[in-house]
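Chain IDs A, B, C and D follow the sequence of writing; residue 1 opens each chain.
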Amino acid sequence: MPTRREFLAQLGVTTAAVGGAAAGIGVSGIAQAQEKPKGTIPDKPFRIGHMTFFTGAGAVLGEPMYKGNLLAAEEINAQGGLLGKRKIEILKADEAAGTDANTKEMRRLRLSEKVDMFMGITSSGNTPALGPIAEELKLLTIFIDGCTDFLFDKAVPNPRYIFRSTNIQSADGSTCALGVAMTWPEIKTYAHIHPDYAYGRNCYDHFTVVTKKMLPKAKSVSEAWPKLFSTDFTPHITKTLAAKPDLLVTSLWGGDYVAFYKQALQHGLFGKMKVATTLGLGSVPQAIGKDHPEGVLSGVHANYHFTYPAGNRWPLNKNFVEKYKAKFDEYPNFQAEGAYTATHVLKTAVEKANRLTGGWPDDDAIIGQLEGMMYAGPGGYVYIRPDNHQGYKDAITGFSKNVPEYPFPILDPNRIITIPIRNVTAPPGWPKGEPTSTYTWIDQTWPQMKA
Amino acid sequence: MDILVVHLFNALLYASVLFLIAGGLSLIYGVMRIVNLAHGNLFALGAFATAWAIGQLFAGSDSAWLFLLLPTGAILAALLGAVLEPTLLRPFYRRPEEYQLLVTFGLLMILEDLIRFVFGAYPRSASVLFEKAGSLHVGEYVYPRYNLMVIAIGGLAALFLWAFIYRTKFGVVLRATSQDMRRASALGVNVNLVYVQAFTIGCFMAGLAGSIIVPGQSAVLGMGVDALVLSFIVVVIGGLGSLEGALVGALIVGIIREIGISVFPEIELAVLYLIAAGVLFVRPAGLFGRAA
Amino acid sequence: MNLLETRKLTKYFGDTHAVDRVDFTIGEGEVVALIGSNGAGKTSLVNLISGLLRPDSGQILFRGADVTDESVYGRIRAGIARSFQIVNLFDELTVLDNVALSIFSRELLTRFFWTLADHHHPVWQEAHDILGQFGLEPKSSMLAGGISQGERKLLDVAVAYALKPRLLFLDEPTSGVSTREKAPIMDVISSIVRSQQITAVVIEHDMDIIFKYSDRIVVMHQGVVLASGRPEEIRGNEAVKDAVFGPSHA
Amino acid sequence: MTTVPLTTFQKRSPLRVVVWAVPLALLLVVLPWAVDPYQTILVAYGLVMAIAVLGFNLLLGYTGLLSFGHSAYFGVGAYAVAFMVKYFHVESMELFLVGAVVASTLVTVLFGYACVRYTRIFFSILTLALSQVLWSLAYKFYGVTGGSDGLRVPTPKLLGIVNPVGEDKIRFLTHGYYYYVLVVFTLCVAVMWLVVHSPFGMALQSIRDNETRAQFIGLRIRAYRLVAFLVSGVFTGIAGALWVPLNGLTTPDILYWPFSGEIVFMAVLGGFRNFTGPIVGAVVFNWLKTYAVGATVYWQALLGFVLVVLVMVLPTGIVGSIKLLWARARGRAFR
């Protein structure tokens, strides 16, 4: 039985400040030279329905997604469009209208607006609702976020038309838990505050199962489940303080997290316990103020923070951040990167399919190219697993730190934690499990650490 | 022991805000027999307006004078109320209740988007006041001073309202109108004036609730709809049209919520509604209500 | 045997003794006039007997059975019906529907939600007959809210009459109509009541009508029954004159 | 304001209904072949909502009770289906409907018993508050209801046949399921028509017009209100059950009180003093909302504006106004 340190090393959990290095075979990248397309390509615009949160508390997370999509579309359109002919046209739809309205809207976009493709979605409550609808509509779809395991575990176990570009959700809770196990192995008690919906439940489950393995002596002493998009966390903070845990783990995000950390500051919470978040710095980076404490394990949805991979080591990221900053006067979040990458992934798939079939490739040809694609985006390599259409890239997290270059906290560049994603997610062929396949996989295959 | 004090503060904080919202709703119903479904949106308007004034108009300022901007939202809500009552609601007093409910439901939808249009779709905050006020020690715990200010404002508002209604001449007129509008009118009371005043006060209370809550929390779209349903619970428990009922109902809801979150974290919200349902089955007119 | 009997029937409104230990009896087949000044307790007494009000104390016996705690529904099934001083109709239904509803209800047909009302031909036939008796047939397809006040008063009585009651209370059947219309209305009502041998209690102010149509007169004053007797007995009673018309009237 | 008589119970020939109902029915039958699939799906949504609003209107239009909590019964129908899928692996649409009827009967009896003791605004607020109890339960009992994520409902078997047109769900929705909805809708309309034109329906309208007098012609008004509440809730529950397969999943949104407001909106839009008003209102509202959402982010304000104008200028709704115009055009003044 390995020790905790050994097992962490086995998993490949590392603290370092390096960018991605090894290039695999068949990796595609943004900077690829444009080849002349085969066959005749219609010049009809390629219409993408993009649904995300444009209003409400979710908009801080949702709007950058649209901006990422937009930036990539403009880059592609500047070269004449997809295959040099088909300009990308984006139709916006507001995810905040509610799940039921969203399913109707997706149908409208496909059947009435005749979109060629669908992108977007922030809430993990919405992808399981929309995934099956997209399959019904035979609508090629790349979900950017809404990354619940449930989508490909249960809702659409054998996807044909739908893909997802950002990391699977279970990685979020697991990454957070591994970060805690590595950094603060001495903790004996911990408390939870999670938004009461799919994402919060998912983080709770995976943090719990990993921590059970890694820190068997640590006990959960308090749970609080505020409603998503709440603004008052006072009672939840009080409850947490009363339980006197060594650590608080929270998956609050966006405006909720901002309101939470301001209130927690005035309650002196950060002085009394360690804090680990899954998505603390994952919303738009500038939403968090410099009053945010340093040294908080600050999750970025186990996906991407614009400061990593650092500029000179990975020009793709430097290039993307600069363009994004110039265009929108803000820094990209993981969803902006996800949407940007997804759009270029699409472009690559279309081009590859064209080379095989000539003319404008049909959806099946594009899907064939998307499946199993390895692609180098700003955040590193992303691999689209053919069995479940889920995009995977190495999970990262880190610690909040204020630096003079930015008016908001960033991830401490010297203490970035990365984990190869395959080591924290269920492999292909693992039976579907409850609550998630990754949960049962961790529960059944990871060794139990001694105290 | 200290933690109990903190829990009590939390309950009072919630109750203060709820009392202001539900009290306004109940006052308007008591005088005009109209249930304003858009009432929650006046609360939201108060929050957004104050957040705009402090967080945007005077962004970056750190002056203690900023506290003077706190009532911005309340005043704006009151002004809107003073305009809405004579223009939109007055034609409906003689018409069946379903139309009154519907016109305020329409107003709710319009105000929801009006707020979005004017103040934008993003959450807004005015946390500088919350931070300026700092914290104080409650035994081994620290507690935000600002929250105590909110409790004080809620308490003062209740006291002021009581004095206003039971100790002033206008209060007499208000109560007379509420009991028998026709007789009051026959006695020379300008009922239209009383109505517009009562509605304005009710809106002011809702706006004030939004104004004082926003520095400690933030303003988000949809907060009005949520607030309305919570204040319905308050008036259902306390009895529609009764200010005492609104006060007691707000305290009950505040306490139950605090206990619910601490003891039944899985179902905090449901506990609240279940208790309201329990009261309904036993006393359908509420604790202080006069049922039809 | 008395059809109806009240024993020490009492109702207070605050300090006002609306009905104060009233013993009141009606014999089978009588037409009784209930008179008294405003506030004497006439309508309160009718409200108590018909079930609109609950007594504070006392008993109500109908055909020997105690109905004090009976619901309105129970009393109507037992045979007590009433009309209203201020017309109380289904204004948005037609005149015919108003009467037909009483018949449907009487025959316990209103529980049927699986048959068309239209198909209950005997009910409609009877409703038309009743409207004919009351002279309202020409108005049968008009809305009850759209006919004249005198017609509405008649319809109000017709709706109660259609229940085929044993005891019918008529609360001021001619109030609110012009003096000229009063006699024709009372003629219609009287002829129907007499011909069907319905026991009736009429609250009325108009002395001419009272003396002309009633078998017996009961006088109430300040919640108590002051006198009861045949019209000619009451006519000579000075105490009644003082109480009902005020001392100056003497 | 002129009131067009809602009913004249005698001498109403069913033939007069047939004159316009048959062409309309034919139109609905050929619809999937005539318009694009999306329009058919929209009409299916509209017909489902029409059943709900028809039920709702038995209370508002015929009994005079304004429920602001009908989302509860719609949600009960929808969640009943979802639970049958989740716990009993039921696939048959007929069983779904039976389950929804049973579940909504239980809930309406319980809620109705509390609510019918009151009228007017108190009734409205009671129904609203009780519906929010269900909403909070659906929202908070994550393990059972899936919380805000809701529960998925797969394609059901219609009449025991597994998705007869193969894999294509859109075809299923626009053909098999559309006709299924149309049949249930027709049955519901027929039943409701019978109910409101029955002696029982007459009794409800008398209670609406004059509660006291209704009592004094021997009607036990609470019992009648309770039965009306029950029928109303069950209709709405059936609509909920039909709606789930169309939507694919059910979430607490359909239990939240603004959805009740939408049901009221539909009834008033169509005209709640007419039998056909709720049907027209539901179809038009559904169409209006879908296009408003697609057209502008300020769709709520747009709908709110429509509602305010409606209650101010056209309180009798679409059908009421058309009838009034029709009557005027024929030179026949009512009243």
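Definition applied: a residue touches a chain if its C-beta (ideal position, glycine included) is under 8 Å from a C-beta of that chain, and two chains touch if they have at least 3 such contacts.
Worth saying up front: this structure is predicted, and the values here are computed from it rather than measured.
K.L.:
Would you mind checking which chain's C-alpha centre is most distant from the centre of chain C?
P.N.:
A
K.L.:
Could you tell me which pair, B-D or A-D, is linked by more C-beta pairs in contact?
P.N.:
B-D
K.L.:
Between chain A and chain D, tell me the centre distance in angstrom, where each centre is the average of that chain's C-alpha atoms.
P.N.:
The mean C-alpha positions of chain A and chain D differ by 41 Å.
K.L.:
How far is the middle of chain B from the middle of chain D, if each middle is the mean of its Cα atoms, in Å?
P.N.:
Chain B and chain D have C-alpha centres separated by 33 Å.
K.L.:
Between chain C and chain D, what is the separation of their C-alpha centroids in Å?
P.N.:
Centre separation, chain C to chain D: 42 Å.
K.L.:
Take the average of all CA coordinates in chain B, do the same for chain C, and state the distance between these two points in whole angstrom.
P.N.:
51
K.L.:
What positions in chain B touch 2 or more of the other chains?
P.N.:
116, 121, 266, 268-269
K.L.:
So which bits of chain A are touching at least two other chains?
P.N.:
54-55, 227
K.L.:
Looking only at which chains touch which, which shape fits best: line, ring, star, complete or other?
P.N.:
Drawn as a graph, the chains match no named shape, so other.
K.L.:
If we use the touch criterion from the header, which chain pairs count as touching?
P.N.:
Listed in label order, the chain pairs in contact are A-B, A-D, B-D, C-D.
K.L.:
Report the residues of chain D in contact with chain C in the complex, numbered from low to high.
P.N.:
By the definition above, chain D touches chain C via 3, 5-12, 194-195, 197-203, 205-206, 208-210, 212-220, 224, 227, 231, 335.
K.L.:
With touch defined as at the start, can you tell me which chain D residues reach chain B in the complex?
P.N.:
Touching chain B from chain D are residues 60, 66, 68, 114, 117-122, 124-126, 128-130, 132-133, 135-137, 139-142, 257-258, 261, 264-265, 268, 272, 297-301, 303-308, 310-312, 315.
K.L.:
Write out the stretch or stretches of chain A touching chain B in their complex.
P.N.:
Against chain B, chain A makes touches at 54-57, 59-60, 96, 223-225, 227, 229, 231-232, 234-236, 238-239, 241-242, 255, 258-259, 262-263, 265-268, 291.
K.L.:
Okay, in this complex, where on chain D does chain A touch?
P.N.:
For this pair, the touching residues of chain D are 36-38, 41, 45, 139-140, 142, 147-150, 152, 168-170, 173, 247-249, 251, 253-254, 290, 293-294, 297.
K.L.:
Provide the residue numbers of chain B that touch chain A in the complex, in ascending order.
P.N.:
Spelled out, the residues of chain B in touch with chain A are 3, 6-7, 10, 13-14, 116, 121-123, 125, 127, 130-131, 134-135, 141-144, 146-147, 213, 216-223, 257-258, 261-262, 265-266, 268-269.
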